[in-house]
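A, B, C and D label the chains in the order they appear, each numbered from 1.
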């Protein structure tokens, strides 16, 4: 064993330190949490710098309510990613902000009191019913436009989720919106569990007296085309859930991911895919044998801004 | 403070102990993990015994591969639950066993070797490609039947996920199948993320040359009817994910859950709904103010059999 | 690969089920959490049945406040274990109950209110200042007796922790006391971090005006004798911390553990020994290569009563 | 409720970002993980800037093997902290590096192979037997010196752990050593569980034929003096275990901590003090009612360098 090359270097901290300098200390240390974070940051930069690699990003959990909206929109704007797979909730909260709503803090955790005050709680992030009422009005205006557009013999009112989100993104006039940036930069958004959200609820109510059919299988035709078009596929997995598996499973068509990073607090013990290390995907051909995979156990709203800020200094 | 009534009793263990006797020790102790487990078990029995309560159960994570299939089928057979919301994966694995496939163990965790041997890994549970090939053949036969049945001017090839699963369950001839038991006992199964599974993949391939449209919003019409028909609603949440939120959000139409138990290893810190304690649902009117809620931090494949076995001795 | 022998059996639950029958279902399933629990239960029974094996048990975390006191006392009374390594806190709480104090529940989590009411909180377990005042009076009476006994030219007031705990155990008149049962059954108790507890605090105050020196290194002489006397060494690890490592490291003198079970919620990512799987101990010769080791990720106050109750039916 | 002041601001990332700029984004966001990290960083700077506050730092888990040695030594050198409470293991590994040993990486996790190669594993950090042999030789030389120094009628060979560590620190000639920096800067180090380490093992073997008595209670006399001398007490808790409780409990003598930050992956469910939020300490008067407390759920080797680097830009 070549001991010389494998020493752990103690980390050093100084005033006025840049994020990328901190990351270099993590890299020189190279073990435990800091080692994992450094490898993920380095791999993120490498994936983005790789011309032939298309990056599919998945995002579960309350990333938009938790402050990650601009970071994701920035990544889309710079076309660092090609596909975003997320939950109906993150899309709902992206739209909520575009329609003038906000997320709030410092209201405590007495859920019965919050209920009476018309405030919905996501851990220590809060939403207001008033904002959801505006959301309801605005999203229904958009559904109405779309329904009319699809009311023709060719479409028969049928739309895929991906196209729905693209159409909404085109209508939204908000530079900071994930949906808007994706629409104008041709980044595809998928949300296979979209019905399970406020957006889904509004869709359901709209369809009670309008002809609008959300064909959930149709998305997969387009997604598979995107997979086949990609020479190499990189993955960014923030959290687990349906977005993680949907993203991962899509790559099966091309033998799996070539490289990927995962940041999640979920653990492998229960056997849930959310907590599975990326290596497990190799057995299923959802990651290639020999692929470059980096797992970080941590909170994505802390770890991803950190590794992305450091990666930016390496991106050409 | 009335100190007298609130003493912690030390637990006692003896030979030939019944599960319900162990649970009684947990209850008398009443604190930390054993206290939470005992409250959940007690509430489970109470919910099932309550004539006017309909129970909606959600199940995420690899519960079927992890050995929970017969327990769920038993609950359905005895009509202890009225609705089951789960993932496409659990449905796929239920069908895999009905079609003669199995789940395996003791193959180690070298994922590249497993890949070459045609074995897919879920932590320490394994599946074989051969079994999935049979799954593919058999499920396509069923799709074919259904497609023909729906090929008429009224249906136009459109089907809801719930109806699809009911139809499959009627065709499957397997006493141990969750889908089969649900179909013959009129227990409704929902799987809003169904496309994100092997079943979903087969559906997508089938629809490439057949007219079969999975209308994901359609389910919500039926689910909302089930909610309105329920005098009181109880919830059983094994794991989190889309099944948890979809189940919870449905109850919004009736002011939220009246009672519920949750068993998950997920934690609240990331703000993910999966790890949120049930109390948070009150702020959103997804659980009633004053509802009876029991949270257990633990692995569902250990904790649920334990609390259900103890609850059985109290069920009338 | 011999597929036949490695199938996962779905678990079955029935009314009036015995704990050992539930454990048999876990064993037949054999994967994920239930598989790990079954292997630990089986190994526990085997270790106790093995005549030539001495069992060293370590116990961290609030096991006595959390309801495990009688179970541990029972194990000592039946001489299922030979050594117990624990924290000063568990010993303090064992004595607290012997002196007439209790643990309480249902006081909520407003720590400032609890402080004013003289109530100390351990998650949802509570203690009262009044009980600690009695503890103080009683333990000082015991220290006084011991100090006089040690006031001779041979002892010079010096005592090891292990001997101190043995002497206290002989004085305590309480069948349910861990210390008392250990004293009368010649089970050795070690508590290397004893100063870090209410007992330690009282010791410190006592020594301000009495000659009593706690020689922390002296214990290791006796512990090493116990290790050398053991043909084979089994380990039971509830939680991690100093008790885990102290127990494990002692076995180094004889090439490490021959068999062991561990139950903890701690995880390996931070590199902390508390969360390390038992296998890691092999690299340090704290577990033998080829030793039989079972790790369970779970809450010891739930899992240990469960596996011990099932093991009892197998113990000869 | 004053909604205006409580909005969540979406985070922004840019090239060449300073760590303190990233922390400002976390602060403006203010919720979930990033909010907790920002509050801890801000409080750390405030505690260090507060002239009248003495800071007691506790450090459990493999912080020295994990790359934190220089950061802790830097904090001591700049007298940012006044007391350090840690494990025998961190002290052992600090000395190991001073004696020329190192920590290594990239050896895999086959513990039986590692054992045969003389390599001890701490997750993905490795140590070599050769380095421990040098440690043994060197530490025994130091024990010998100390034993001779204490061999007089006044000391009778008795020494407190704190004094032992101070004396070792004076002898060690290594700018990067935590023990050395502490010795020359009059920062006190306590290690109540010191026997539970390689250092403890060597101590035990040395005392078999030398007169050296480690009086574990003696430390508390000095520690209590340090507490009484402090106008205000701040706490930094990396990980839990004995170091956390010992540090916290010492402050009882002065009504508890005035301010503190905690970084740990441990959770409250098991009731273990390691996972308890700092607020719980208020009930025990180990933190003052009204004290300023910040908890972060995360890996200290990632989070502490991040918050300390950001805090440095605010320290006067």
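Just so we're on the same page, a residue touches a chain if its C-beta (ideal position, glycine included) is under 8 Å from a C-beta of that chain, and two chains touch if they have at least 3 such contacts.
No experiment lies behind these values; they were computed from the predicted model shown.
Homomeric contact subunit C/subunit D is classed as same-residue, with over half of its interface positions used by both copies.
Farthest chain from subunit B (centres taken as the mean of C-alpha atoms): D. With centres taken as mean Cα positions, subunit D sits 36 Å from subunit A.
For the pair subunit A and subunit B, the distance between mean C-alpha positions equals 26 Å. Residues of subunit C in contact with two or more other chains: 31-33, 62, 65-66, 123-125, 267, 269-271, 297, 299, 301. Of all residues in subunit D, only 1, 3, 6-20, 22, 25-26, 29-35, 37, 62, 65-71, 74, 97, 102-107, 117, 123-125, 128, 176, 297-303, 305-306, 308-309, 312-313 touch subunit A in the complex they form. Interface of subunit A with subunit C (complex): residues 31-33, 267, 269-271, 297.
Residue ranges of subunit C in contact with subunit D, taken from their complex: 60-62, 65-66, 87, 89, 111-112, 114-116, 119-125, 158, 192-196, 200-201, 203-204, 207-208, 212-217, 219-221, 224, 239, 241-242, 245-246, 249, 252, 265-276, 279-285, 289-290, 299-301.
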